[in-house]
Structures are given as C-alpha cells and as structure tokens.
Amino acid sequence: MDILNALAVLLNFLVIPALAYGSQLALGALGVTLIYGVLRFSNFAHGELMAFGTMTTILVMWLLQNAGISGGFLPTALIAMPVGILVAVLLALGTDRLVYKFYRKQKSPPVIFLIGSLAVMFFYNGLIRFVIGPDDQNVADGARFIFTAGDFKKWSGLAEGIAFRTTQGISIVVAILCVAALFWFLNKTKTGKSMRAYSDNENLALLSGVNPEKVVVIAWVLAASLATIAGTMYGMDKTFKPFIYLQLLLPIFASAIVGGLGSPIGAVVGGFIIAFSEIAVTFAYKKVIGYLTPGDWVPDGLIQLLSTDYKFAVSFAILVVVLLVRPTGIFKGQTI
Amino acid sequence: ASHSPVKIGVILGFTGPIESLTPTMAASAELAMKEATDSGKFLDGAEVMPVRADSTCIDSAAASAAAERLITAEGVTAIMGADCSGVTGAILQNVARANGIVMISPSATSPALSDAEDDGLFFRTSPSDARQGDVLADVLIEKGVKSAALTYTNNDYGKGLSDSIQAAFEAKGGTITISAAHEDGKGDYSAEVGALAQAGGDVLIVAGYLDQGGKGVIQGALDAGAFETFVLPDGMVGDSLPAAIGAPLNGSYGTIAGSESEGADLFQKLATDAGVKTDTYAAESYDAAALILLAMQAAKSANSADFKDKVMDVANAPGEKILPGEIGKALEILAAGGEVDYVGATAVEFIGNGESGGSFRQILVDGEKITTEKYR
Amino acid sequence: MIVVENIHKHFGGIRAVNGASLTIKTGSITGLIGPNGAGKTTLFNVIAGALKPTSGRVLLDGQDITGLSPHELFAQGLLRTFQIAHEFSTLTVRENLMMVPPRQSGESLIKAWTKPGIVKREEEEIRNKANDVIEFLEISHVADELAGNLSGGQKKLLELGRTMMVDAKIVFLDEVGAGVNRTLLATIGDAILRLNKERGYTFCMIEHDMEFISRLCDPVICMAEGSVLAEGTAEEIKNNEEVIEAYLGTGLKNKPAKEVSA
Amino acid sequence: MSINYRNIGLFAATAMLFVVVGQMQSWSLSLAILNLCIISAIMSLGVNIQWGYAGLLNVGVMGFAALGGLAAVLVSSPPVAAAWSAGGGNLLVGLLIAALTIGIIVWCYYDMRGTKRRVLIALVAVAGYFATRAFLDPAADAIEAVDPAATGFLGGAGMPIVFAWLIGGVFAAGAAWIVGKISLGLRSDYLAIATLGISEIIIAMLKNEDWLTRGVKNVVGLPRPVPYEVDIQQSVYFQDLAADWGMSIIELSSMVVKLSYAGLFAIVLLIVLYLSETALRSPWGRMMRAIRDNETAAEAMGKDVKGRHLQVFILGSAVVGIAGAMLTTIDGQFTPGAYQPLRFTFLIWAMVIVGGSGNNWGAVLGGFIIWFFWVEAEPIGLWFMDLITSSMDESNPLRLHLLDSAAHIRLMAMGVIMLLVLRFAPQGLIPERRR
Amino acid sequence: MSFLLGKNMTGGYGSTDILHDCTIGVEQGEIAVVVGPNGAGKSTAMKAVFGMLNIREGQVTMDGEDITALTPQARVQKGMGFVPQTHNVFTSMSVEENLEMGAFIRNDDFSDTLAQVFDLFPILKEKRNQPAGELSGGQRQQVAVGRALMTQPKVLMLDEPTAGVSPIVMDELFDRIIEIARTGIAILMVEQNAKQALNIADKGYVLAQGKNLYTDTGEALLADPDVRKAFLGG
C-alpha cells in the first residue's frame, strides 16, 4: 500500500492536467455562454475569435521580444495580452456593426444569428491564416515549470514525481479570477443586470431605459476579452495553431451546455466536467491500483475503462447523460 | 522554341487538418518544377507551370471537383498529389482514371490504395508502412529496448504504421505495452499521455506528424516526466521538432526513408537556399514532382498516356543516379536518349505497383539537431 | 364528472396547491375564483395533465386520470385554454383553429400521401367549421393573419375558439375574459350557456369578473392558498365573509381623482 | 404571385451558374458540381424536415450521413469469406448475447418494480457486457488479423450499391429512433449539442471498429451503379459517337457517367421532394408547424408531440442517411476519418438556412447554391487574389504573401457569400410560405 | 394642448395601417382611459405614443416638445413609463430584480419607492426572490405595474393593468392610480374593465378600427347608452 505514490500519480497525470485543461475550456465556455446569455445565440465564431486574439497577442509578443522586453519568470504573452484583447474587441465590435446589428434590427430568430456566426467563422478563419499562416507558433517563454517531476521527487522522496507547469498554474488562477469577476459583474452591478434584462426581454429592457447598443457593446467587449484570454492560456499551455481553435469549439460548447447555457458558474463547472471525464475515463489505472494494493501485486491489464480512441466520445456521452438527468444543464440554463 | 507551358496540378489540403504541412509540400514540389524550367532543357525549353488546388484533406467530393477543374478547365496533364488517402483515392477513381491523368502522391500511404484499380496511373513516393515497421523494430532491438508504448495518429498512415511496428517488434521478442491512437488537431493530449505513462515502457514510439498531435504528445510526456526517449518514424523526423522541444529530445532516435547518397542533405540545402522549410513530406513532394517531370522528358511528351509507363523507368535502375538539384542534368541525359535512376531526397525506389520501397536512414537527435546514425 | 381528491402540488418549498378537493358535476358550469396565486391555474394544469401532482388523484367519471399526458386527456374529451395565450404564432388564425379537430386523416403521413381525396373532403368540412367560429368571435378580418400578430384580446378569443372546434365533454377556461371587451364577453357568455344547455358541455372556468361569474356559474368555488375556501351559489359566495376578506374586498377607498381636482 | 416569379428566377439564375461554369471552365466540372449539388439538396431536405417542419435542432447530421456511408459498404463490398470463418461464429454469438441482454433488461424494466428491478437490471447488464465482450473481442481480433492491409473486416453483402441508398435510410432511421428516444425531450440548443455528441460517438465507432468498417484504413473501390469511364472509352459505339459529335472520347465518357449519376440522383431527389411537399401541405404539415410553434398548446390540443417529434426526426434522419449513402456511392469509397462537423453538419445547416428553412424548394435551392460556392469559392478566390495583386510589383513581399495564402481566400469567400445572401434575404432565399 | 399628446397618428406594423388619424393625450394630474373592442388598435396607439412603432403621419408631443423622433429609451429618460399588455416582466429575473430594473434610470436611493410598491402589493414582498416567470398570472401583472411605478415617471402609461388581477387587488390598484395622479403625474391607460376605469377617469377615448369614435369625460361616456351598449358590455 502506498497511498502517497498513488496520489502523486493521479495528481500528475490526471488532476493537474485536467484542472488546467478544464480552466481553459471554462474560459472559452464563459465567452460562449455570455454571448448566448445576452444576445441569445450560439456563437460558432468564438473559436476563431480566440485564435484571432491569441494571434494578435503573439504578434505583440514578438515585438516585445525583439525589443528585449520579457516577462521574466512569467510568459511575455501575458504582457502582450492587453493589446491582443483590445484588437480582438475591435474586431468583434466591427463584426457586430457589419453583421449582427442588422439581424437584431430585423428581430431575426436565433438560428439566423447562428448561421451568421458560421459565416463569420469562415471569414475569420481566412483572415487569421492570411496574417499568421496555418503554422504552429510557440507562445510560452519564461520559466517552464513551477516545479518539475524531478524537483518534486527530490523534495518528497517519493518514487512518483509531480510536475506543475507555469502555464498550468496561470490558467487555473486566471480562470478563477475571470469567473469571479464575471459573476460579480452580472449579478451585482447595474450594467450587469441590464445585460440580463436585455437578454430576457429586449422590449421591456428598452422600456426600462436600458440602452441596447451599450449592452451589446459590453457583451462583445467581455466576450472578446474572454476569448483572447482563453486562447492565450491555451496557446501558452499547449501550442498555437489556428486549426486547433476550431476543434476546440466542440468541447467548449459541450462545457457551456453541460453547465447550463447562460450561466457563468455553469460554464466553469462544465469545463471541468468535460476535462476530467475525458482524462479520467480513458486513464489507465494500472499503476494506481498497483500502489493501492498490498504487496507487489501489479495488475496485468491496463485497467482502462475505455481506450483513448474513444475519449471524445466519452466526454460527449457524459454530456448526454448529464442532459438526460438535468435537461437544461447543471445550473439550469436558459432555453430559446 | 516557345511552347505553351506544361501545367502540373498540385493538389494538397491547403485548408483543413493538415493545412500547416501543405504549404511546404507545395513549395518543395514547385522547387523541382522551377528547377526544370530554369534548366531550359525540359521538353525543348518548355515552361513548367504549377497549378494549385485545395484537396481539403477530408472532403472527397470537393477534392474531386477541384481535380476535375484542374484537368478539364485548367488543362493540367499530371497531378502531384493528393495528400490524404481518402481524397487521393477519390480523385484517382473519379477523375484521374476517367481522364487518364498520372498522379504521384507524396503522402498517401493507405495500403488500400495499393490494390485499387489504377490503370497504371498512380504512384507514391512515401515509403511503405510494412517495410518501415520492420526496420524500426530492428533499430529498437539493437538499442536493447524490451518494451515500448506506442501512440499513433488516428488515420490510415498512423494506423497502418503502428500495426506493422507492433507486429514486427513483437515478432522479434519485444512488448508493446499499449497502442493508443491520438487525433491530430485536437490540441490537448493529457488523456493520451496519462494512459501511455501508466502503461509504461522503455521508450515511447510516436507514429504521428511532427507538427501535429505527435509533437503535443511528446511535449506532454516530457513535461509530466513520463518518458525520456522517443522513437520517431518518418512522419516525426524534421528539424522543427528538436527546434520546438529543445534539449530534452536529445537521445531520441528514429528512421526516415533515405540512402547513403546524401540526397536528404542535398535537398535540405536546396530548400534552405530557396527559403523553403523542410518539414514532413517536403522531400517526398519534391521527389514526386521530379518524377513527373523526368517521366515526361523520357516520353518526350507531357501527355499522361504517353509518359505513365516511363515513371518506373526513371525512378529505378538502370541509369545514372540523380540527386536533388540535378534535375537539369537528368533532363539532359534523357533528352539525349540516356537512362536515369532517380534517387532524389528520399531514395526513391519503386516496387511492383508503383510504391516506394527503398532504404532507410537511422537518425539520432543530438545537440538539438537531427543527425544520421547509419543507413539500413 | 370530475372529482379532484386532495391534490397537492409543490414547487420546491412553494405549495401552490395544498390539499384541494372539489367536484365538477357533469352538465354544470362551475366557477373557480380566488385571489392571485391561490393555485387555480396550477390546479387546472394538474387536472389537464400539464403538471404531475405531488400527491392526490383526479377522477374522470370514476376513472383515475392522474398523470395522463395532455393529449391523452384531450382524447377523453377534456379541453383547456391558457391564461397566458398560447397561440401558434406562425400559423394563421384559421389554421390555428383547423389544427384542433382530432383524428384527422391528413395527420397520418401515409394517408396524406395515398388518400388525397379523403383528406381534401375532410379539410373542407373542418374549414367550414373554423369559419363559423371565426365569424362568431368577430375576428373575420384577421382570419388569414398570423396569430402572432393578433392583439392581446384577440389571442384570448382564439384560445376560446379552439375549444369550439371539437365536441368536448369538459372544457376548462382559464380567464378567457381577461382582456376581452365586455360587450363581446357578454356574447361569449351567451354562447357558453348555449353550449352547456344544447350540447351538454361541462364547463369549469376561472374568472375574476364577478358579474360574469354570477351570470353563468353554479356552483362557484373559491380557492385560497392552495385549497378550497368556500363553495356555493354565486350569491352565497358573494356574501361569504371569508371570501370578501380574501378576495372580493369592499370597493374603492379613495374617491375618484376628478372629485378632488374639481 | 410575384413571389413565384422570384422563385423561378432564382432557380433559373442557379441554372445559369452551371451554364457559366460549363462555358468558362468545363461541362464536365459543371456536371460534377451538379451531382454533388443534388446530393446536398437531398441532405438539406432531410434537415429541413426536422428543423423547418418541427423545429428540431439536429446537429448530428454528420453521424447519419456516415451511417448511410456504412450502408454502402455493407451492402456493396464483397464478403470476406476468410474473415467470416475466422471470427464470424464468435461474432454472431457475441451479438446474440448482446441482443439477449438487452431483451432481458427490457423485460425486467417492464415486468418488475422497485429495488428488485434495479438490482436485476444492473446484474444482467454487467454480466451481459462481459459475456458479450468475451465473444466479441476475440472475434474482432481474429477478423482484423485477416490480411489487415487489404481487408481485415467482414466485408459486405456484395449486392448492387443502389440498394444501399435504401438501407442507408433504414440505418439512419434506426439510429434516429434510438437517438430520438434518448434526447428528444431536450430543448433546442441542448438537443443540438446532444445530437452533435451522439454523432461524434457514431464516428468514433466507425473509426475504431475495424472489423466492421476497416476503420481509418478506409474501404475503397466500392462498385458503381453506372459504367466506368475507362470501359466507355473502350467501347466502339461510344468512340464513334464521340467522333460524330466532335468531342474527345474522354470528355464524352466522363459526361455520360456524370449524366447517369445525375439521372439516378435526380430520381431520388424528385421522390423525396414530392413526398416532402405533399406532407408539408397536408394537415400533417400544419400539425407539425403548430407543434414547432408551441408544444404545450399542441399537446393540450390533443397532438402527441413526443410521438410526432420522433416520427419527424426519424424521417429527416432517414433522408440524410439516403443522401449519405449516395455520397459514398459517388465517392466510390468510405473514409470514416473524413466525417467532420464543419463539412457534414454546419455546411448542411448553411444550406437550409440560406435556402429558407421550412420551405422544401428553399432547402433544395440552398443545397445547390451553397455547394456550388463551396467548390467554386476556390477559383473565385484565386481570381480575386490575382486581381488585387496584379497591380503590385512582382517581388512585393505583400503580394507574395497574399498569393501564398490564396487558398484561405476560399473559406473567406464562402463566409462573405453566406453573409451577403443572409443580408439580402434574412429569411432565406425562398422563405417559408404562409398559407 | 395636453401634457402628453399623440396627435393624428397614422401607421402600423407593416404595410397596412392599424391607426388612422388617431389622437390620444393626457394632462398632468389627470387620468385618461382608452377603451374599445379587441383589436381596435388601443395597444398600437400606446406603442405609437411610446415610440415603439413608426407612425407615418402625426406627431407625439410632451410638455410642448415634439418627441416623435425619439427612441423609446430616450422617452424613458424624459420621464415616461410604460407597462405593456403582454410580455411585461423579466421572467428569468427575480421579482426584486424586476423592480430594480424599473428604477434603472434613477441614480438616487429608491428603497422608499420599493417599500411603497411592496406595501401596495404585499404578495410581491413575499415572493421577492422568486423568478417572475414562476408567478401566477395576476402576480405577474402586479410585478409589471410595480416595475413602472419604480421609475417615478412624469407620465405613466398602462396597457390593461388590471387584466387577471383579483377584485381586491384591482380596487387597491385603482386607488393607487388615483393617488399617483393626485401627485401630479399624468396617467394614460387602456382598460377592458371599462366601467370601473371610466369611473375614475377625467377623460375617456373610445377607439374602434384605429379611429377615435368618442372622446369625452369619463362620466359622459359612461352615461352614453350607445357607448355602454357597444363597448362597455351594457
């Protein structure tokens, strides 16, 4: 029996990666859920918006690096991010002016917005590749680890190491900060309430003196900021490649929906559920069981519930199950 | 004499899952075409004009339409492509065969394509999975590896290669602890790394692409301290991998098609001078284009029906060995009625049904560079 | 006859219906009144199958119908209208009515494909019926308008109109009068009486207009806080102290504004 | 009746697009696009049946199309006798046990109550799972080991591939029944993501259950329902014909093949379109629209909302399945890795919305137009790129960069085209009819 | 010239006009009531006055100022409050948040007003944390009126405020409306409980088919047998 080593294995290969990945999904899902909550449509361009914000961040980061400025211990991208956010916000607002505003005026049904966002997605898609190309870009610099597996082994004397990357730490902290801020903003501030009112009943919000354009602008500002933050976190932790962001859209939507569309807390919980289920269900528990059972017994098989081939399927299966039990998500989202 | 230019289609997935690989592949192929044009000896001084089209890698219907357009509207007489096996098969069956156009694919490795009806029109410069699996297993045994974890990109290339590695390695007495697929372009590989690490093994074999999931898995495994040595089949061999991962990759090894002829190094230099990266399948693309050009020259015609039988001739012995950068020389020899044996960047050797056999180069990552250990 | 036995319906901690028991006799026009939030609509929803009760039973002619789905109850001749109008907003007013009759052959795909003749004939009949109802409700000029574009009151009329498209055993009317012009409401009242007399429909109606209730209903049941407070004839109810206290009140306390300004 | 002229005009304009391609590029290309347009139109009709009629947001189109593809494989590819003898027996036993398990569970579910039921079902499920795996796993391994490079799967029934269109519809309908039973209670976006998830699961299975589908190794060389070009090129009759008409035999053969496909596809399209139109115009259609508008009220008006939803979900999915089988037929191969939501789900949705949801003709037009531009956006994009860079200096780095990225203009152009259409016809090109 | 006046308004939702040369208005401190059959255009007229509908002809003035071109939210800033006939609560927000939204444009402390609204509708105090979408029909109506009261407007426009509320609450409501009018606020309302409403009205309008049929004092209209018979239910 060696509970500590078993725990170390689980932390290193399951908990920490899932927390970091979950945080990144959550940040993405926050943006999706926000746009859904306020403007009432599923924004399929959100993945590309993330990619765009990250791309600008990278461009600025390159400038900074050339000028010899760096974040020291922290990735330089963090310093560049505000500019990335600004540009992404401008793009989002421009898109709203040119595309979505028209449909708002027309009072088009949500599915028109949805398809509109699909078109916008195609457009961003090309735009991003025009500027930075389809290649991989390295986003993280600074110290790679808070502590490495080796450090940990030395420190603890355990057989199993735990590694904790700087970018994982940053992702988790940023996700917590963002969700707290967003929750506070929506529920406690007047502007936040006006946004909820607008999403609930646009006409009545108008009658209460809410300026719809302002609400929309704020929604896009927040969504674009969140998108850039999420994208940069993801890029720092893994890698930046435009194509990945499109692929990321599905788990992000799954997160937002498991949690309940329109609910910020739901987005975060959803993100973690998806991340944990992906890793936990396809995890091979061989070593863990080995540590937990007395003596030297080690199981023959991998003790894997399902092969990793099915990891995507697993997260979606869990999503379907959650929806069956709670048809509007864990935190009771809105319905169109 | 002034001729109308010879048009050659370059059909690759410029958008879609492997969009980050294709620009280099296209540029490499076009390098060969430019070489031919510049030499002034191609079909009595004709110009070679590449025409690009998007295969999307996944959408067979769109790819077929693109090929249809190149052939029937743009008038290309041969195709360098396509890339992914699915679209390649579709183009071959629905467009190339119908119009009798030669296709040489740099990267479609699906064994299913070997048996497909092709009217002698289809060739590929990527090496055969079976052969590579065998070679790689030899390397592993030689290095004293007893057990290995294996991950592959979930497509016909990865699946085929991993099957053959596993079969060969186990036949030679090794153990594969786990064989787990990973999907390219998904970005997060924590689950795969977790499963692979738990299964354990002396080394991790990564049958993927170096700037796709393969890189992500290696990075994740290193960060978590799960594996230290990685085994890299051809899809993983390229300078950008050690450049991205850095020192921790030192000591990893692998195989890639190549012969003692220095073809690979020559191509590397050629490409660098022209400002083209040398990533996955760049060399194969260059070779595919070169073969088309040489076959045309040998047949003295840009017409597929005329030169399809010449592809084998120029690729294999007998004849003067031709390395990257020597296309002009080869054209001259052929124009004079001589014979060539195109070796190129990947030691092209066609066996039976238009597939590349040939030899392999065993590489070692040392000092954050790919170095050659020996040839097999 | 509908017998409601000790129905409870709780939403979390909120006891919307809390032990209501009542009987709706066949052939009667039963009025259901009570303060806002007394649980009348919720009770309707339970009877009509839209909500499952927390506990209790509903019997239709002695047969337990608790928990049957609304469409099954409809098939048993039980109809209801909605307090907050539930029109089919992208159908025209006429279509809103024409979709109601049950067992239309054209609603089976196979028949729609294979027996266009029969379907056409039936449609003709249903259309005529719908036209009659439209005429009666004084909404002919909007017959081909999308129901979503109707005025608030017109939507309420449409709610009522739907119940007139079928031969129902029991009709539950949830405040059909609210928002309907009083002159028209009087006509509607006449129609309800006629349907009741001539065709033997049973009605149960929620209404806040005591004048209207008095004219039509016997008995009148008053609910408060989820259970039945009192039952009796309209006169009895009007004079019931508890009902006055909880529901009817004693009239305006303030004088009209103009008397002050004068 | 001006609206009708408009519609005819729209279809005429679409037809013109094909003529333009025929004249400016090639007729062969024009026909190739047309064939795919017809398939797309059928697929978007299927989605329209679900969304336009009943308001069901099915974002699992991809999964149903893939099942159609699977049908094509199972119907038309030749059976692999060696694989059957290697693992067929065990496989059948395994499947039998699985069926038995499900049967017992269903029986328990209906015939028992309370804790006993729960315990029994759990026990049977676990036991059944392991018993099934005990037979299926070795069977799958044995089958996959049979010449994996060339076969490694059970093969199909070796029947003409046109049957697969029907079977594809049946497969998709069967899957839709299960999916519908599970998820139709969900509302809009939640239903969407549930169907999306289920379609991902279907694809994952097609990709990984090699014994059935060959997985990512793909099945190629499916037989065609129409002759091969090479055979036509060999035929003396056609050679003479080509000579008479003054076209090359290659061109003629390729046209003949494409026209035969077009004929077959058009028949299917017309049948589906006729049935959809009759259905939509009938009281059934009216009922479906009522359900779409307000489920609560429809239920209260005696309509079996759940049952109708299931019905329409199955019908729509079946149509998608048919189209999926047709697509695999014209591709001549089944490639599970190729099923991506962008291409098989979102693009179809774009067709429905751009064409006009709730209107069959609109869905058809949308299928034609979106597919047309999906393919033609590339040359249009390139042309546009040439145009804007033509005035730049040969070695202008911006020009080089732009030309290098020209491929990406394709998606951008697609986006712009969709935005333009939606801008000038927000209800779709042919909006839902008001009766 | 009335304090708030929609004069000779002609217009509708689409191509066909609903209103034809329709005029309604109200003075400060007075109550004006609009009655008429269903579909007469009463709600449309209210929306037109509030700027939620483009009118082709005619104008809207407030305090002598032409506000025809202003957006609804600008009119709210100018001191107009409106309770629509339907969709008049934020269903996903709690009762209290609904009321707070009523005070959205106010920057002062509105706890007094909130207390007053809770006094008027005690049930709302009880249900303050419940989402308005879960309320009974009558309770919702009370929230809707409460929300408008929170604005402390100069003009209050109510579209059938008493539809679905119980008699006791209705009496309270009318009481309160009278009180509000006494503080100098102009009140313009549509009512189907026409007898009670005209009873407290200074001015009454009878609309039919988008046109003004009768315009008089409340008393006079109540006394007119034609009006009674055709529009007030005898």
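Should a chain be cited, it is by its letter among A, B, C, D and E, assigned in written order, with residues numbered from 1 in that chain.
FYI, a residue touches a chain if its C-beta (ideal position, glycine included) is under 8 Å from a C-beta of that chain, and two chains touch if they have at least 3 such contacts.
Nothing here was measured: the structure is a model prediction, and the numbers come from that model.
A.B. asks: What chains touch chain B and also chain C?
C.D. replies: Expected: D.
A.B. asks: What is the chain whose Cα centre is as far as it gets from that of chain D?
C.D. replies: Chain E.
A.B. asks: When the contacting C-beta pairs are counted for C-E and for A-E, which pair yields the higher total?
C.D. replies: C-E
A.B. asks: I'd like to verify one number: the distance from the centre of chain B to the centre of chain D, where each centre is the average of its C-alpha atoms, in whole angstrom.
C.D. replies: Centres of chain B and chain D (C-alpha means) sit 32 Å apart.
A.B. asks: Could you please state the distance in Å, as a whole number, between where the Cα atoms of chain A are centred and where those of chain C are centred?
C.D. replies: 49
A.B. asks: How many Å are there between the centre of chain B and the centre of chain E, using C-alpha atoms for each centre?
C.D. replies: Here chain B and chain E have centroids separated by 76 Å.
A.B. asks: Can you list the chain B residues in contact with two or more other chains?
C.D. replies: 19, 23, 154, 181
A.B. asks: Check the chains against each other and report every pair that touches.
C.D. replies: All touching pairs, sorted by chain label, are A-B, A-D, A-E, B-D, C-D, C-E.
A.B. asks: Mind listing the chain D positions that touch chain A in their complex?
C.D. replies: Its residues touching chain A are 51, 57, 182-183, 185-190, 192-194, 196-198, 200-201, 204-205, 207-208, 341-342, 346, 349-350, 353-354, 357, 402, 405, 408-416, 418-419, 422-423, 426.
A.B. asks: Enumerate the contact residues on chain E facing chain C in the complex.
C.D. replies: 13, 29-31, 36-40, 42-44, 85-86, 123, 130, 134-139, 141-142, 159-160, 163-172, 174-175, 178-179, 181-182, 192-195, 199-202, 217-219, 229-234
A.B. asks: Residues of chain A touching chain B in their complex?
C.D. replies: Residues in contact with chain B: 9, 12-14, 17-18, 21, 129, 133-136, 138, 144-145, 148-150, 161, 163, 165, 234, 238-239, 241, 243-244, 247-248, 275, 278-279, 282-288, 302, 304, 307-309, 311-312.
A.B. asks: Considering the complex alone, what residue numbers of chain B touch chain A?
C.D. replies: Touching chain A from chain B are residues 16-17, 19-20, 23, 154, 177-178, 180-183, 185-188, 190-195, 197-200, 211, 215-216, 219-220, 223-226, 240, 244.
A.B. asks: Quick check on the complex: what are the chain C residues that touch chain E?
C.D. replies: 11, 14, 33-38, 40-42, 83-85, 138-139, 142, 149-154, 156-157, 175, 178-186, 208-210, 246-258, 260-261
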